[in-house]
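The two complexes that follow have chain A in common; it is paired with chain B in the first and with chain C in the second.
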Partner chain A sequence: MAIGRGYSLRQMLRTAAYRAVTPVLSVFLAFLVSAAIIIAVGTDPIVAFGSMLNGAFGSQTALATTGVRMTPILFTGLAVAVSFRAGIFNVGAEGQLYLGAAFGAAVALLPIGLPAFIHIPLALIAGFIGGAAWAFVPGYLRAYRGVSEVVTTLMLNFVAIQLVSYLVDPLVGPIGERGAAYAQSAVIDPAAKLPILLRGTSLHAGLILGLALAVALWILIGYTRLGFRMRMLGANPIAARFAGVKSAREIMTVMLLSGGIAGLAGAVEVIGLRYRLFDHFSPGYGYDGIAVALLANSNPLGVILSSGFFAALRAGANSMQQATGIETSVVLIIQALTILFLIFRPLRDWIGSRAGRPPRLAQDSLIDAA
Partner chain B sequence: MQLDVAFLIDWGSAAIRLATPLVLAAVGGVYAERSGVFNIGIEGMMLSGAFVAVAVSYFLGAADPAVASLCAAIAAMLAGGGMAFVHAYLSITRRADQIISGAAINILALGLTNTLYRVVWGSAGRERVAGFPTIRIPILADIPVLGPILFDHSLIVYVAYVLPFIAAFVLFRTTWGLNIRAAGDFPLAVDTAGLSVTVTRYVAVVFSGMMAGLGGAALALGAVRYFTPGMTAGRGFIVLGAIVFGRWNPILASFACLLFGAADALQLRAQALSIGIPYQFLVMLPYLLAVLAIAGAIGRSSPPLALGRPYRRGER
Partner chain C sequence: MEDGRHQTPELLRMDRITKSFGPLLADDAVTLDVRVGEIHALLGENGAGKSTLMKVLYGLHQPDSGEIWLDGRQITIGSPHEAVAHGIGMVHQQFMLVPNLTATENVILGMRAERRPMLDLAAARKRLVELAREYDLDVDPDAPVWQMSLGGQQRLEILKALFRGARLLVLDEPTAVLAPSEVGGLFRIMRQLASEGRGIVFISHKLSEVTEVSDHVTVLRLGRVTGTLPTREATAHTLATMMVGREISLARTTAPVVGTDTVLEISGVHCVTDRGTPGLTGVDLVVRKGEILGIAGVDGNGQRELVECIAGLRPVTAGTILVEGRPPSSALREPGLLGLVPEDRYEQGLIGDFDVSENLVLRAYQRPPYSTNGFLRWGRIRDNATQRIAAFDIRCPGPLAPVRSLSGGNQQKVVIARETQDDPALIVASQPTRGLDVGAVESVLNLLRQQRDRGAAVVFVSTELSEVLALSDRVVVMHKGEVMGEVPPDPAALGRIGEMMMGRSLESIDAGAVA
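And then the complex of A and B:
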């Protein structure tokens, strides 16, 4: 089902083009419906979408903003995609992101006097560990006790958010800045800050890390033993067991990997952009990851495109609001409609019948695995 | 602030008030999950309900407050039910993943209400509207301590008192309830008995959406009487936790909601009380208890067997 060995380049391109039809059409339909809403509100959708496009790609600053917005959801999208491929539904990327941010910040705050090329990786590793630790309990319960990971990961999101809020509490928090107006930690050690890519903007090296991770995961899933076992688990857990895949151990591995990647999202956000740990700093990056992974059909390289798309929506929304007065939350409607059209089977079936073979999205394997 | 009777009354009364929207939504959620459909979209359905309730009450501003709030409640139920119908269609008829469908509905509700909020109220911002009438039950409200805690509330609170018991009776003592439970535990049996799994699940999911909508109305028209964007602030997820903690039983789930309401009310008073527990730990309590419950640390709590699984004929 994935691009594997033995495919010619032409076949690979054809498969890729075929796979892109449903996502592109879903996005198109979502924009169409949103245009109707914008007309109903009394604005020209061409003007609205034009200003959105301009705000996302129109200038160097706009591109940098899109890149900054893209970084966290690229990581969380990858985190969710990895779990989807193994038939696991990690809805807890949000909480893992917060724990990753807390762990990453804890290391980044230490004035250990090490050079950046050591301090930064240490903070990133801490972030990975934090996220993975937060995914451990749901992973264990799913792998060894058969408890669905959906409710546990979801509930732990809210626990994580409160935990971070406590950590940086200006009155009692262990790393909270005393007497600060906001709930925040102190500024991290300069050596732990990720380098800025574009002078005068906030675009930081986290984006490069995310892109590299996407390629690495694409190789991992498509071309390694672990990736093969993961995909097998996702496609048919019973067959996987017969083939000797130790599903419990595999589920643990995938959950820890997925949680760790979500944790990286948080750590990168702290050491790349904000330089402090704030409470409630994520506007739902973990949940955006679900939409990102879904739109990408859980393909790590596709995640690059879909996270870029959602980031452009967000970055463009502000200039759209300035130009037309339309609420930025229109992008939420676009995002939601994209997902709804994606999972609306007649659309997929219709495309499937055109293309001559049945489409297969991540949630098929999710249902089978449930 | 001191731990005295006045505090107890204030806290208890607030706990009841805060628990009411949760109870209403939880009762509906229990039905949806008992029928085999996970409704993660309760948050969005509550939010739509809250928005529509305030908007209707706003447009009926000149009408009698009781009539306005009744219309608002009905409209809120229709809004929640409508959202739930989309979820039902995608997850039952189209067999799409229930989690993804529900999550999309949450995003959609947030986007729609935020956008429409500006359309309806412009930059004028929040405006108070007519809420549910407050009813002080004679005699009962005069009982010391318990009276003011339990019997001096807005109308919707009393609805939340009786609803869980009716819901439990229907679920556990009637044929309808048996259908719903069977659809969630062993849909093949429902199908074999000549009944429709699809219809049963649709009814349960749409009912869940309507109750979530009513819960939203209770949230918006019960006390604050205006709408703020994103005002449900995760309450729909607390409801999901309460359902798990309440072992998929309407009455137990409602008591879980009451516990969570009490924690929420205490959290709002924790700093003034200086009880030494950071308020964040009180806020996270519902979610933590739900995880412990489902992990088997507090009693046994196992979901309906076919929860989250679409039904296909001829497949086991």
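And then the complex of A and C:
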């Protein structure tokens, strides 16, 4: 058995360290610029970042908060990363997440009296199917009609959000709680709730699921036939065609997989954290997934790190605001700057000239096309 | 020397340039000096270090050691921008043009406009037209690049360099993309530019062109200079020996053979091109076991469409194609049926970011021993690569080297090693020698001969008539999506092949000869 695809452990570590240079440097520069902004409003950035760090990792509660924030963007990050690797730009994770949440909630609401170890998987499968179904139409149009998936997946996000608002409408929604003050469903069946990992916090088993999924996808991409075809398609679709790959079928597969994973994000959020389906419940987890996947260079294991990073930013933002009075929106600036530095070609060229070879990102072609 | 070359001032001197990539020594103390007004040919096989040397000159690589002197002053070149500022112009093998922009827009791209931030397109256009007239370079300043022929794009690249005031012009394999009739025009321009006092570096591996156009030759082999001499003192024979290190002959040594059972049968096939224009208009062909069918013709006369139809990659609008009695729709997914060497090896045949071992299993990855139960077996994939690298003499740092880091000839060996792996019944090789040097051409032709002798039916599409005649057992000529006729691979048929390439059918030629 060739662990590491024939690379030695040392080679793998070297490659991993090399690939980490650009993301780490981007994060560093983003913090540097943000520090300048914080100084400009008259606060010590060391204090601000310190309180942020404390809020993200300083206590068990802080860690649990970070884990809870991390879970949905870990899933959506994986969903986007999978599509990037195959050269597909699925920016519809947001909509797929809503559909997954709706499907998952519909199953989780049923008082079917089955034990948790059956009811939970059923809800998760439903969530996957919901997300995949939402990705089906863009996938079909891209695979067989050549329609850009960027436009279709993006537009369907808005449709999905409105669809869920209708589903949980207190007056007419099929699963809306009648007479409720908010647009929400009833509370889901207790057997469908994901177990809490840390007593007294909201940290739920969804995080474990996400971590396991990341490892599974890493194996899928690096060690399976399907993963090989996906990488071929992503790296050179023309050569893939000349090697006999049926591109259309692979594009469908990848879109369904990507959409399904985004759907899982929604279902997990419902059965792990909120126990109800709310309208507008996602503050843009699907879009965060794009940033997460970019920062991870679409590597599923890297997505663990990048989603953890973004989650820590969000979790630490509140403590920072309490300690220094700086708006939490500073973390949005950090997040945006990180991505800007990451896709800033001259920076990568400079790193490449230092390292003797150009760092290539899996999504380079996508960035160039955009 | 007595040729008076030393009385001409030196324009460029690259002195003992050394450049290595990891364990691979691309250039080893290479010295090149180019005089004012000289066409200096840089000759060498792929992987000999020509391109690396020129990338050093253009600021794309920094040398490990060595000096660059321009006009007697030592300079360093940190980027292509600096190279341009020093008056160095380069026409790359793959053109650096933006397809959507017009000729004028491409010329000023990356240049600083005088009235920033506004572009001065009108002035640029005027100067471009003047330059084009002065050098008799036919370029439409308002045409978008995607509408231009490859020859037109090359002329535009030359104009681009002149527009930027290039005094030293490097042409990297400029004839590779040209039709034979266009080569003369290019040589005329090169001579004119040299006569004005510019220096021209002409990178090539075609001996006939080097002896025809250059004044001085420097030959590289395996990263070292094996000789530098005035062209008139060189013969094709001595140059080839310097370049390859052994004697080379492309001439055919055996008589054409006659194939046995039919492997490929094409009858009345029509198809359309990517642009929807007619691609093939009624092609009939039969290729039998144990023979090589050569398809000659000027590039772009339906060869590409024919190859893609045979491989099942392009729908046939009328007629039938049978490979071993079956339609070709899944030929690429069945082992042992079809080996395909596509015309653009880098775009169609390889995945540049994948390593050599991965590229060697692009088609076989889904079968044992390379994968079982859906999982890849990387150990087997790497072992296979180690064997193939040795068997096909693929020069690379190892199975894990990205294929984009290989030279063209070695990339082609990767493609051929892969496509012949399952002893396919039919092998379709489209322009397999394009851009390769003499040594690599010889080994590619020999590999195809071996496949024929093994019993494969081989379709060999080439625009190089000498190769078609050297390799094929039968020759057909294509023109505008039709087969004009079939002739034996006999130098005596050259005239008729030429006429057929221009669009005359064999019947009318023979009738004309009688009348």
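Everything below uses one rule, namely that the second predicted complex is superposed on the first by the 361 of 370 C-alpha atoms of A that agree within 3 Å, B and C clash if a C-alpha of one lies under 4 Å from a C-alpha of the other, contacts with A are read in each partner's own complex, and residues count from 1 in each chain.
As a convention for this text, a residue touches a chain if its C-beta (ideal position, glycine included) is under 8 Å from a C-beta of that chain, and two chains touch if they have at least 3 such contacts.
If you're wondering where the values come from, they're calculated on a predicted model, not measured in any experiment.
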Fit-or-clash call for chain B and chain C when the two complexes are aligned on chain A: clash
Which of chain B and chain C A:Val47 touches, first, second, both or neither: neither
Chain A residues touched - chain C or chain B, whichever exceeds: B
Touching partner for A:Ile208 - first (chain B), second (chain C), both, neither: neither
First, second, both or neither for A:Phe228, with chain B first and chain C second: second
Which of chain B and chain C A:Asn236 touches, first, second, both or neither: second
Partner chain(s) touched by A:Leu114 [first = chain B, second = chain C, both, neither]: neither
Which of chain B and chain C A:Leu122 touches, first, second, both or neither: neither
Touched partner set for A:Val159, first chain B, second chain C, both or neither: first
93-101, 255-263, 327-335 or 453-461: stretch of chain C that collides with chain B: 93-101
Residues of chain A that touch chain C when the two form their complex: 1-2, 5-7, 11, 223-228, 231-232, 235-236, 238-244, 360
Complex interface listing, chain A residues touching chain B: 37, 41, 89, 91, 137, 141, 145, 147-148, 150-152, 154-159, 162-163, 165-166, 169, 172, 287, 290-291, 294, 326-327, 329-337, 339-340, 343-346, 363, 366-367, 370
Parts of chain B lying in touch with chain A, wherever the complex brings them together: 38, 40, 86, 90, 94-97, 99-101, 103-105, 107-108, 110-112, 114-115, 117-119, 229, 234, 237, 240-241, 244, 278, 280-281, 283-284, 286-288, 290-291, 294-296, 303, 307-310
Touch list for chain C against partner chain A, complex: 311, 313, 330, 332-333, 340, 342, 347-354, 357-358, 362-363, 365-366, 371, 374-379, 381-382, 399-400
